[in-house]
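These are the structures in question, set out in turn.
One chain, subunit A, links the two complexes that follow: it is found with subunit B in the first and with subunit C in the second.
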Partner chain A sequence: MMVDDASTTEDLLAALGDTTLAASERLDALELLQARAFETAAFAAHRADYVQALRTLTGDPDDDLSEAALTILADHEDPFAQNLLIQGLQNPSVARLPAFLALQLLRGDGHAATAAVARDILANAADPEERAEAAHVLATDPTAAALLAAVVADTAEAAEVREAAAMSLRNIDGPAFAAAARPIVADETDNWRVRTTSKTLLALLPADQGGDGEVG
Partner chain B sequence: MTGVAARIDALRASPDGGAELLALLAEQSPAYAGLGSGEAERLRGYAMASFETLGLPDVALPSVMEALETGYAAYSLAAAARALRGAPDPPEDAARILLRAVARLARHDEVVVFDRFDAYFPDPAAGPATTGLTELFRTFAWLGPRARSALGAIEKMRAERRFSPQVRAAIDAAIEAIAAAPELAPSPCCAKAAAPATACTATLDDIELQDQHGATLRFAKAFHGRPTLLAFFYTRCTNAQKCPTTIARLGQLQRLLATEGLAHRINLAAISYDPGYDLPARLLGYGQALGLVFDARARLWRTTGPFEPLRAALDLGVGYGQATVNQHRIELFVLDSRGRVAEAIVRRSWRPEEALVALRGLLEPAGEAA
Partner chain C sequence: MRLHSTAGAKPAFDQLLVQIPSRAENRRFYLTWQPIEATASVPAGGSGREIMLRNASSNGGTLVFSASRTGKAETEMCLTLEAGTPASFWIAGGTASSEDGDAVLEIIDDGTKKLLATVPMMVRIRKNANSLTPGERARFVKALAEMNRVTSGTESTYRIMRNMHREGMDNEAHLNPAFLPWHRAFVLDFERELQAIDQSVALHYWRFDEAAPNVFTQDFMGARRPSRGAYAVFAADNPLLGWATDTGTGIRRRARRAWNPNASGIPTGITQDATVNEKASYFLFREMESDPHGRAHTSWNGFLSQVPTSPLDPLFFMLHSNVDRLWALWQSADLPIRANPDEITAFDSINKREREEFDPREGHHLDDTMWPWNGHIGEGIEKAGHDPRPTFVVGGVICASKITPNVPPDMPTVRSMIDYQGVTTPVHLGFDYYDVPFKRAT
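The block that comes next holds the complex of A and B.
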């Protein structure tokens, strides 16, 4: 089965689920379906079947197809996809995507059950990229303020993790951020990236929260 | 989560399971604590759908109608539609509310299965797959003559291409069921009785609140001396039918009070369910964006301490996930000039005009207000 612009949506959905076709052809079908899905009104009659096909595809043996499907679903805050990503973060042996990418996909939804696993990763994981993404996730978790403040203040911590923690802390607790950031700005021996980020965020923080109130 | 689902399965099979299932309709049920919003909504929907076969008790009807009136997700709308089919006496505005649910769901319908929980992934082996829209139209068919007011709108939908073949078949069945049934005589009663008011016996007076400008006051100081319309909300709410609408209507009520010359005699207030995140600056921006004009009589609030004492005192219908609210009902309270609950409006949309009537009834003669 060849798929192209002239294919019907039904044919594209059939091609997407046809495991006898080459993965490249199924990826072409997926790309065409994604383009059509953008037209929400015209695609409405196919939406339920498309979501179902994507959920099925997350278990496909072809990594490109399964990752593409998972990413599309997660971008739409699909609870099934979010659950798969969280399971992967809790148990890396079943992870479909690298942890940093899973966290990136989850961080747009403050209502997902991501905070606990993000706190755990920030406190315990080794990979700085992963830990920085975990710090970004915690930008919507007011209970993470103490953890984030400790990371910001820790000069032994990777700069990218401290910067991410500073941004998140500023979002949930301005005074706590200001208290952590001022010593960093004053310490000329501290990392220049962290100092610059801290100074910028202090400038954006209103004076009544301990910031410099230069903007906003 | 699967443990709760298994419990629901057991309750469905038990002749005495209804009471425990009813408790699972409360957003604050411990069964949902710590879950994401999607998970909590889905699990609650699974419990709610059980009432299709168990029979829907009157006390559960407001929960079902609120889900139909405010829901966006295919699963929760389908669950409520199924539960309604267990009602011995559906409300007269059921068809109108179902039509609006169809409009909200029309562009993001999904396959759903209720015969087994199967977290997120309908397994064809678990039972027949249906969709949210299909369930809504099946409920129109079940309503039969009671959905006659919606017949014209449904007939127009039949000609539209936006529905899948499965949904179109359900539309055809609904039209047939509604058209074939004899017309019902109009009911002598214009509407269902409102949900009973929540009686507040616990003291709220000492709870400290902070407003959108950072000013702090005790509950008693904030709300004694005048009648108050007290709503609940949070700025991260993603359901346009709930918190954004609540605050926008508070703004409408504010303008109505000004027109009536009552603005200085009544407090308008909304307290955030999410005090850790809804800091004063967020309250300020949210209220302004939704048309509320802040002054001494109109403010948004957060608790400075734990929210739980307030939740417990007013028996608020709110549950929490890991970082924020995971589900909540619509709820607002009319307080008298001593801060006591005179009337509660829960689980339904409300109009500023009805709130005005309730507030006006609590006003002391002009000139006596503090």
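The block that comes next holds the complex of A and C.
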């Protein structure tokens, strides 16, 4: 099956699910479908089939296809994909993506299960990149302010984790962020990157929330 | 802050009055390629004199003068002034500024050669974002961050703007004739909001058909992660760091597959030349909504890849500045026809009878006002087979500018967006692109 701009949407969907085709050809079909899906109204008749094909593709043995499908679905906040990502974080043996990437795709997902797994990773994961992404996920969890403030202030924590916690804390509790950040900015012995990040974020914070009120 | 228009400016120099109607809210002068009619005069009862107007800058922005709107552009010009009788001249940008005030007008007494005044100006032009100076980049991201700042109890201006392009408004701006006029109004509204923060900022464009190694960096619009990742990476001192959206923080943007935006344009077969030069009518030209416009969006995963989320990423506005620039280039290739809204090759508006019988959709006909600026919701489109109008409005009327008072109207029409340079009428929209000059007769 030839996959190109002239292919019908039905043919592209068929190619996407055709495991006898090379992965590169199926990825070509996926890119063409993604471009067509951008035209929301014109694609409406195919959207349900497209979503179903993507969900099927998340279990494909080809890693690139599986990751591409999960990424697109997660961009659409698809609950099936979000559930797969959470399951992978809870049980790495069934994970389809590395933990840091799964966490990135779950940013903005306000479900309690996502916040719970992010808290667990922030507390227990060895990899700073994973902990940083967990801190980013908590940017929509207003109950995480105290936890994030503690991470921001912890000079023993990796800089990238503290920076991520600072961004999330500023997002959910400006005054708490300002209270945590001002001592860091004033402490010349603290990590330069954390200090610079704190200074940048304080500049973005309105004065009535304890920020500088002016972008530097 | 939504601004309101007021009158032009009248700097006075020792019995000499020069009026240049191109003064912004901060009382500084901003020009584009479009010649602006200005006047110089000596009050009645004063002494007549001869003056020279001269461009006094060689780096950054420069100025040109002409005796008529489309007359030959010169870097200096002599005027003979008689008391009580204003003499008109036309002033425009010759080359683009990189900083506010780097274009300087000198006014000289042509008899005594005495320098009467120097007037700093800016030739404020939308440029290729890949070619900006560090200062231009810094001012641009700072203004974006300021626009996205949330103060207690209010929505950020950025959030208001991005909600103008969300789920439920698709038919107002896409897959119909007004795709380009609607987005021209949208990016102009956005640019004016940026300029309400910093008048020296223009809405620079991402040329998505070319590599953009100076755009996708940590210091500017965000770099790719060294390892694969779904979010752009920013330097610790970039004001876009921790970009706030209603879904958390950060800009979700990841180039698809093997594409590297620092090394090549988007992976589509359609070049700029093909987009601009191979379409004989607007009806054919607006096929670019799918490619390259749609492909520029869907060359990324993340916010840009869907209509409702795409403006969460500020790159959206640079992408659409380039889409609008492509339209401007296409128009420029056959003037004045393609700037004349009443020419069928310039805009494929459906006529009144067809509209009443077949397509009642408001916002895609030449003299329609457009949503959301017109505030119309839910009514007037009840005929079977047509999607309802949005059930919400957001943003109010278009942001005003003192530089082009009342242009476009508060509620822009499709017509008001077509002749942006004022080719067929002296009314212009007050913006220009670096590589789309104003065409003069000589």
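Everything below uses one rule, namely that the second predicted complex is superposed on the first by the 205 of 216 C-alpha atoms of A that agree within 3 Å, B and C clash if a C-alpha of one lies under 4 Å from a C-alpha of the other, contacts with A are read in each partner's own complex, and residues count from 1 in each chain.
One rule holds in what follows: a contact is a pair of C-beta atoms (placed from the backbone, for glycine too) under 8 Å apart; a residue touches a chain by one contact, two chains touch by 3 or more.
Not measured: the values here are computed from a predicted model.
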{"item": "Partner chain in contact with A:29 - subunit B first, subunit C second, else both or neither", "value": "neither"}
{"item": "Which of subunit B and subunit C A:140 touches, first, second, both or neither", "value": "both"}
{"item": "Contacts of A:83 with subunit B and subunit C, given as first, second, both or neither", "value": "first"}
{"item": "Partner chain in contact with A:196 - subunit B first, subunit C second, else both or neither", "value": "second"}
{"item": "Subunit B versus subunit C as contact partner of A:40, first or second or both or neither", "value": "both"}
{"item": "First (subunit B), second (subunit C), both or neither touched by A:114", "value": "first"}
{"item": "Which of subunit B and subunit C A:152 touches, first, second, both or neither", "value": "neither"}
{"item": "Subunit A residues touched - subunit C or subunit B, whichever exceeds", "value": "C"}
{"item": "First (subunit B), second (subunit C), both or neither touched by A:71", "value": "second"}
{"item": "Partner chain in contact with A:100 - subunit B first, subunit C second, else both or neither", "value": "second"}
{"item": "Contacts on subunit A seen with subunit B and repeated with subunit C across the two complexes", "value": "40-42, 140, 206, 208-209"}
{"item": "Residues of subunit C that touch subunit A when the two form their complex", "value": "142, 145-146, 149-152, 170-171, 174-175, 227-231, 236-239, 241-242, 244-245, 247-250, 252, 254, 256-257, 289-291, 294-295, 297-298, 301-303, 305-307, 309, 387"}
{"item": "Subunit C-touching residues of subunit A, taken from the complex the two chains share", "value": "27, 31, 34-35, 37-42, 64, 68, 71-72, 75-76, 100-101, 104-105, 107-108, 129, 136-137, 139-140, 163, 166-168, 170-171, 193, 196-197, 199-201, 203-204, 206, 208-209, 215-216"}
{"item": "Partner subunit A, residues of subunit B touching it in the complex", "value": "34-39, 42, 74, 106-111, 119-122, 131-133, 161-164, 167, 214, 236, 238, 276-277, 279, 281, 321-326"}
{"item": "Touch list for subunit A against partner subunit B, complex", "value": "40-42, 44-49, 51-52, 55, 77, 79-80, 82-83, 109-116, 138, 140-144, 172, 174, 206, 208-209"}
